[in-house]
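Down below are the structures I want you to see.
Heads up, the next two complexes both have subunit A, just with different partners, subunit B and then subunit C.
Let's look at the complex of A and B:
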């Protein structure tokens, strides 16, 4: 009897410590942010619940510029990383898995901060790229090298994200290509489909749910990530997490609700992306499970 | 698109080695499949039979040797141009297409109109008894239904070669025999030259016009199913087909008798002089009163009797030699009884080295 009870609760019991840490820190933090964003901050005497912070944030020019920039950076990084990843995976699908794992797994282990610094050292106007271009005579002076850091188009940030996230998408796509997509392609081949027909009618439709799922994860991450834009971004507009951080660091404690409102809005976009991802992966899982 | 006449397939000395230093997966396989014939490539797993099939399909390239269809080499021809449709062990239906779109796939890739491919897909679904399932998605079908659809998908292209890679092995026993009959039926109707890979000896015997037994990457025997029971080439072949009776002996010459520990036996087949192993099917062994007339007989003790319903299987012990005999259930011999055993000359078969 006791054994039966234990075995019924075994999985929840084993999961409890991890869930406690995850849930406690995440839900607690989210709760605090939500409460403060609603103007409830008794430490400085604010006890009236209102949507003022949201009104202020959503109405400000600075927030809109930030929001657009964040969508731009996350969107462009995701699209570039995904397209390059699919091409790389297609190129490497028949190579031994030793080679592809070295190529794709090494960048995954490098922290974003290190990647950002590395990219900065290569693409800054005093960096390796500029000096190389100058010594090759492509530009007169290293300083003539195009500004790719702290620039209008966030090239440095996007480059860092592409370098970091592309291998992740590529590994997901590669797993799909080496699995059932490869077998289905052989079937299509014996049925007379040319290389292009096999890709377009069989391989791509079969791997596309995986591609979309992986790119949604990349989008959610790049939308909410802080450190790379903080290091390599301009001071105006900043992307949303950096803006939230600036508000949070403000000497005026009354700016705190605005900072938290931005955080809640970031969480909302990320959560929507995650929900989309879950729906998609359930559809893929359901299909696989019943076949 | 007129359906191509069924083709004559010829493998000439085909070898394949996957890597340098690796044991070859195929060693000089030579085989001819006549137009409209169904040949079973039979062998244990890892014997190279699927490798051979993939070489015919073009999915693998042989290290050496030739693959010819109607006398023309296939080796430079990519798989998509060979007209060799393959059905795999798993149904491998395209998950994002309806059943009908799956079946019509090969036609659409060849540029057939939507209407034509759809009509011919429905016709092909009828041939595998899957009419009315065209609008379903593959994951709504059972495993057996999916495999029927994948057979229809191969047939609809009117392939000059039909290649089947253990298409029944993932199904349970009832479905397997039903689908086996269906395969034979559509194959005969369409007259497709067919190579059927299987590890199941019974499946090969029931389905095939001829069986090619492959072990260790080499062809051991290629003949009609009956011959594997009556005239197996070697002891290995005989054992693969369940033979248990082996008698070591020495032949005096082509017409001379064979001396064995059980006695001197005459054979209906010439045996070259020297050492030889004789075999006989359990059903051909005669016991007791059945064994009265003449030679090739000796006395043995019944060491085991197993009632099997339609027959009784006896184990007979004579010196160091043990033989099996299968007799009708009305013959009753007791364990421990001594009986005369006769091995009819026309049923004794000499195995090659």
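Let's look at the complex of A and C:
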């Protein structure tokens, strides 16, 4: 009977389409990237498996510069976004939730390229910032305004990430503040704790696991993201995903294993971050469940 | 400390204006005719950029159409594949469930660039590279996990009592699905579809890799405009690119009115 067979294999049957699609495209793609990073590339006559690409990549100055830049951009963006998110959440905790929700959802929903172009139009040498500086008499020519795009310190990229990612962390913090943390704070207030004591000893310990989890997501994303640095970054050093892309598009087909090796390294770092996040959020979930 | 009511208006205004800051020059540039350097506002307005988007010589209409078609296709496929997965993950307990959820979540957390570069060679062999169908396929890497996870939380939030009642009354599995499960899942499916569409619409890197410059979507066009020197065209394309997200936000807010509380991205706060 069809019904009987269906109910017996119900769960595998329901899962099969999604697992096939993700298995074929995502896992299959990752597997291919791994195999190609090991130098196995029959299409261009490379059939020997080796770690040469990794040796070459890890030993190159370009990769090292790129790795440092990537950690710098992802690290600074994550820290700034997180700190500002906590401040923004504290500022908006007493506002009606519909208003704070609208304010924070706008940057979350808008695509990254929109944020990048908007930030560029604010901080470029002919942007709103430079115009404001000129009308205040601080600068005379556009060129006197500091270069914040394609610059050494990746200011444009970091500002874009902070604008895009801060609201996501802020919503997580806000949910914490309006939940258990808020109730505990009331108790502490009744017991005579000062505003700072209430924040540091009561509110912060309750909301911090959520903050850490959310900032891990931000770090994993900014570490592996491609388009904002591709648009607003310098040509050397580039962020790792852009370097992988450049190697991949190189005319020399023998550069492909190196591109794939970089990809595998990016995947390892982000997967590790993701695993940390999942562990942490499970712990948070578990504690919530038991309370 | 002793104060009961804090003046929250100042903080609110500050946060709101920081959020609005990068969007402001976009809107101004989109309607600019002339905007000389030190001026704080354009001295002449024009609709030049909008004429370009409407088809005045450029490839904008084609790009917008491509983005829409690929987005709709990716949405339909993601829901078709994500709905059953969401029913299984949200509605049942089974062995290895944690592992399956991890596997479904991974493409969200790990950048899809690596797997897309890896699969490129296979796509070339199969004749899928440089085609809209190939681009549609790689867009599924981020859209399927989101739809599956959103629908998982939808099915996890409610029990299966109605289905059981339907089966007890003699309904077949298909009848139960068609007349009980599906109608109740419609709001969740709508949210998941919205997410899937926005994700596909926003994709740049995957389209660039697999489309190889032959499949022109809106972000492809926007990217080359942004690397060029015409801020008016760039701003207009960016506003059009942001439009579905803002529309979706308006719809979602109306939709969630009854709940009264904000909802963060359904997957991110609680993945399991």
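Structure notes:
Convention: the second predicted complex is superposed on the first by the 273 of 291 C-alpha atoms of A that agree within 3 Å, B and C clash if a C-alpha of one lies under 4 Å from a C-alpha of the other, contacts with A are read in each partner's own complex, and residues count from 1 in each chain.
Rule of thumb we're sticking to: a contact is a pair of C-beta atoms (placed from the backbone, for glycine too) under 8 Å apart; a residue touches a chain by one contact, two chains touch by 3 or more.
This structure is a prediction, so every number in the text was calculated from the model and none was measured.
When the two structures are aligned on the shared chain, A:225 is found in touch with subunit C, with no touch to subunit B. In the overlay built on the shared chain, the residue A:57 is in contact with neither subunit B nor subunit C. Of the two partner chains placed around the shared chain by superposition, subunit C is the only one that A:134 touches, whereas subunit B remains out of contact. In the superposed model, A:73 makes contact with neither subunit B nor subunit C. By the touch criterion defined above, A:266 lies against subunit C but remains apart from subunit B after alignment on the C-alpha atoms of chain A.
By the touch criterion defined above, A:191 lies against subunit B but remains apart from subunit C after alignment on the C-alpha atoms of chain A. Within the superposed three-chain model, A:106 lies in touch with subunit C and out of touch with subunit B [touch as defined at top]. Which of subunit B and subunit C touches more residues of subunit A: that partner is C.
By the document's definition of touching, of the two partners only subunit C reaches A:244; subunit B does not.
Residues 194 of subunit A contact both subunit B in one complex and subunit C in the other.
Contacts from subunit B toward subunit A in the complex involve residues 57-59, 78-86, 88, 90, 92, 94-96, 105-106, 109-110, 138-140, 146, 150, 153-154, 157, 163. Within the complex, the subunit C residues that touch subunit A are 1, 6, 8, 11-12, 14-16, 18-19, 21-26, 29, 37-40, 77, 80-82, 84-85, 87-89, 92, 94, 100, 102-107, 109-119, 121-122, 137-138, 140-141, 144-145, 148, 172-173, 198, 201-202, 204-205, 209, 219, 222-223, 226-227, 231, 234-235, 238, 241-242, 245-246, 248-249, 252-253, 260-265, 268-272. The touching residues of subunit A, when paired with subunit B in their complex, are 180, 183-184, 186-194, 197, 201-202, 205-206, 287, 290-291.
On the side of subunit A, the complex with subunit C involves touching residues 3, 6-7, 10-11, 13-15, 17-19, 21-22, 25-34, 36, 43, 88, 90-95, 97-122, 126-128, 130-132, 134-135, 142, 163, 167-168, 171-172, 174-175, 194-195, 214, 217, 220-221, 223-227, 230-231, 241, 244-245, 248, 259-260, 263-264, 266-267, 270-271, 273-274, 277-278, 281-282, 285.
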